[in-house]
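Naming follows writing order (A, B and C), and every chain is counted from residue 1.
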Amino acid sequence: MKRLTIDFTVGVFVLIGIICVAFLSLKVANTSNISNASNGSYSISAAFTNIGSLKITAPVKVSGFVVGRVTNIYLDPKTYQAVVVMDINNAYKFTTDTSAQILTVGLLGEQYVSLQSGASDTYLKNKDKITLTSSALVIEDLIGKFMTNINNKQ
Amino acid sequence: MQNFVVSLKNVSFSYDDTRMILKNISINIPKGKRIAIMGGSGSGKTTLLRLITGQCQPQTGTVHVFNQNLSRLPNRKILNLRKRIGVLFQFGALFTDMSVYENVAFSIKEHTNLPESIIQKIVAMKLKAVGLFGTQDMATNELSGGMARRVALARATALDPELMLYDEPFTGLDPISLNVISMLIKKLNDALEQTSIIITHDFATTLKIVDYVYVMANGEIIAFGTPLAVLNSQEPAVKQFVKGEVTGPFNYEFQTKMSYNAYLGIDHNE
Amino acid sequence: MNEKIINFTRQLGHPFAEFILTLGSIIRLLIDIILNLPFALKNIFLIIKGIHFCGVKSIVIIAVSGWFVGMVLGLQGYNTLNRFGSISVLGSVVALTLLRELGPVLTAILFAARAGSGITAELGLMKATEQLDAMSVMAVNPIRRLIVPKFIAGIISVPLLTALFIVAGILGGYFVGVIILHLDSGTFWSQMRDSVNLHDDVYNGLFKSFIFGISVTLISVYQGFMAKPTAEGVSVATTKTVVVSALTVLALDYVLTALMF
């Protein structure tokens, strides 16, 4: 085979390989870090009494639309509440009376943080804290409540 | 020390310490001569060649090539020495994934920084010398056995070596190719004033072109002299080898401790 | 009796001693290769030729195998997930399986069978026909001239082929899930993107394949270099390349998985 043909086919091969790697990196994997977003991001946190099985990198959604990701979760040693730190895309502003809730996709799916904007005039800034939170629904608790309800009615 | 190109002194060699391949061999090869080393299959001829190129080291004795002791040389110097030696392998050993041109140009490209245009001229010259000018672009598998051997000869002489080693150059060739190769060996040897060592068991062809002959058997040298002297030797082993006789000191029957008659149960002494 | 016991023990120990010996000489070859790496850059075309041999010629087998593996994953995943009513995560099941395990492992094994055995056969044949000897008496180091370019070519090719395998597999899974079983295309991709992490899954998978590339190529050149210079020796060496490579890749995969995830 001619040297030129070999050079050419090898070039095509390497190109295909690089396209595949790029496809995997860009299209298949989440380029999760919102902080890498073109217009930057800011960080807010919220304390929950129960976060269920919420994990780092879980999405933060508003009306089901992803606006950020969970970047850190730790336990506040004084209040014994779990503090969830989120990176939010700079394009979206939230009022100081925004409420945060942990919800589940479907019955058994992944958990995510849902934000609900309020009516205040002031907006949350970097490192601010959301005060209005409601915890994750834990199935065992639900069943427990359900059972006591039934018992009470009888 | 005299001006010997290759000089082996009391060399013994074995691959695995159980069977000695070479036993106490001494050979001196003067500059500009053609020497044949002959012997039956398995008599250690090819091993001798590997000792001269420094691919093996002898257990005892010394090997001097160009007056340098190979066992004392560092690897780098042995490599430099090899650039002055050309080797023609038994079946040519052409690189199968390269064209004829690339084969002949191989050592020139590896060891010099000559521009491509000059290399092309050298290769053409070398191929012309073996009568194969015009085959440059052929693949090695398109060549006949005789042609492959000649290309290998052109490749081996590409860097104009001072010492040429031929490992069974006449094996497996038709009579015409065989004479062509032997003629070329003589011609190249004279033209480049090389020293040649031809390892072979083809008496008839070799005796016509060499100055001296060593005959080896079982790792030892059993005869040395001019072709005529060896041809007329009265030593039984040499005589048998030269004439190719079936009976003689070399027995074709396998040597075993088992008794054939006892094995078949026809022992008459009972 | 005593002698029998001694002999038996000796036989027990023999394969082990052989293994240690082989390991030692492979490592020696690896060091030899590493020391000669800079010299291979003098002749880039040899590396390109190597990539052509072990990479370009493996494209079809890798892409087709990847596609079918992906289709099987899609089908099996669909059947299993359907029982739990969570077919929406099919995309991430297919992608994660391929990225983390099947892609690197199967590509390395296929590479050993397609290209590794070819490298072994070529080197073994060169040894049998005295080409390696010819090269070294021409004062050219066969490791530098032959082995190192093949080694570099293998290391470059395997991760690229792995990426190709995974992409073909994901497309195969997409084909089964979305086109045949009518899953929602958007769910397939978004679920996949949600659960696949760039560093943990994509880069770790490719790193795995890089390690596999080194080991399979090293085993291939070693077997070819050490083959008995006969027709039988070459065929034995070729078989050994495939068997030893497959075992090494599977064992290494466990170690790497344990270390990474």
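The working rule: a residue touches a chain if its C-beta (ideal position, glycine included) is under 8 Å from a C-beta of that chain, and two chains touch if they have at least 3 such contacts.
Predicted, not measured: the structure shown is a model, and the values here were computed from it.
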Requested in this report: Could you see whether A-C or B-C has the larger number of C-beta contact pairs?
Outcome: A-C
Query raised in the report: Taking each chain's centre as the mean of its Cα atoms, which chain lies farthest from chain C?
Result: B
Query raised in the report: What chain lies closest to the overall centre, CA atoms only?
Result: C
Query raised in the report: So how far apart, in whole Å, are chain A and chain B when each is placed at the average of its C-alpha atoms?
Result: 77
Query raised in the report: Using mean CA coordinates as chain centres, what's the chain A-chain C distance in Å?
Result: 37
Requested in this report: Go ahead and note the Å separation of the Cα centroids belonging to chain B and chain C.
Outcome: 42
Query raised in the report: Within the complex, which stretch of chain C touches chain A?
Result: 45, 48-49, 51-52, 55-56, 59, 84-86, 88-89, 95, 99, 156-157, 159-161, 163-164, 166-167, 170, 189, 192-198, 201-202, 206
**Report entry** Partner chain C, residues of chain A touching it in the complex
**Finding:** 3, 6-7, 9-10, 12-14, 16-18, 20-21, 23-25, 27-32, 57, 59, 106-110
Query raised in the report: Given the complex with chain C, which residues does chain B contribute to the contact?
Result: 53, 55, 79-80, 82-83, 85, 87, 89-91, 93-97, 106-107, 110-111
Query raised in the report: Where on chain C is chain B touching in the complex?
Result: 122, 125-126, 129-131, 133-141, 145
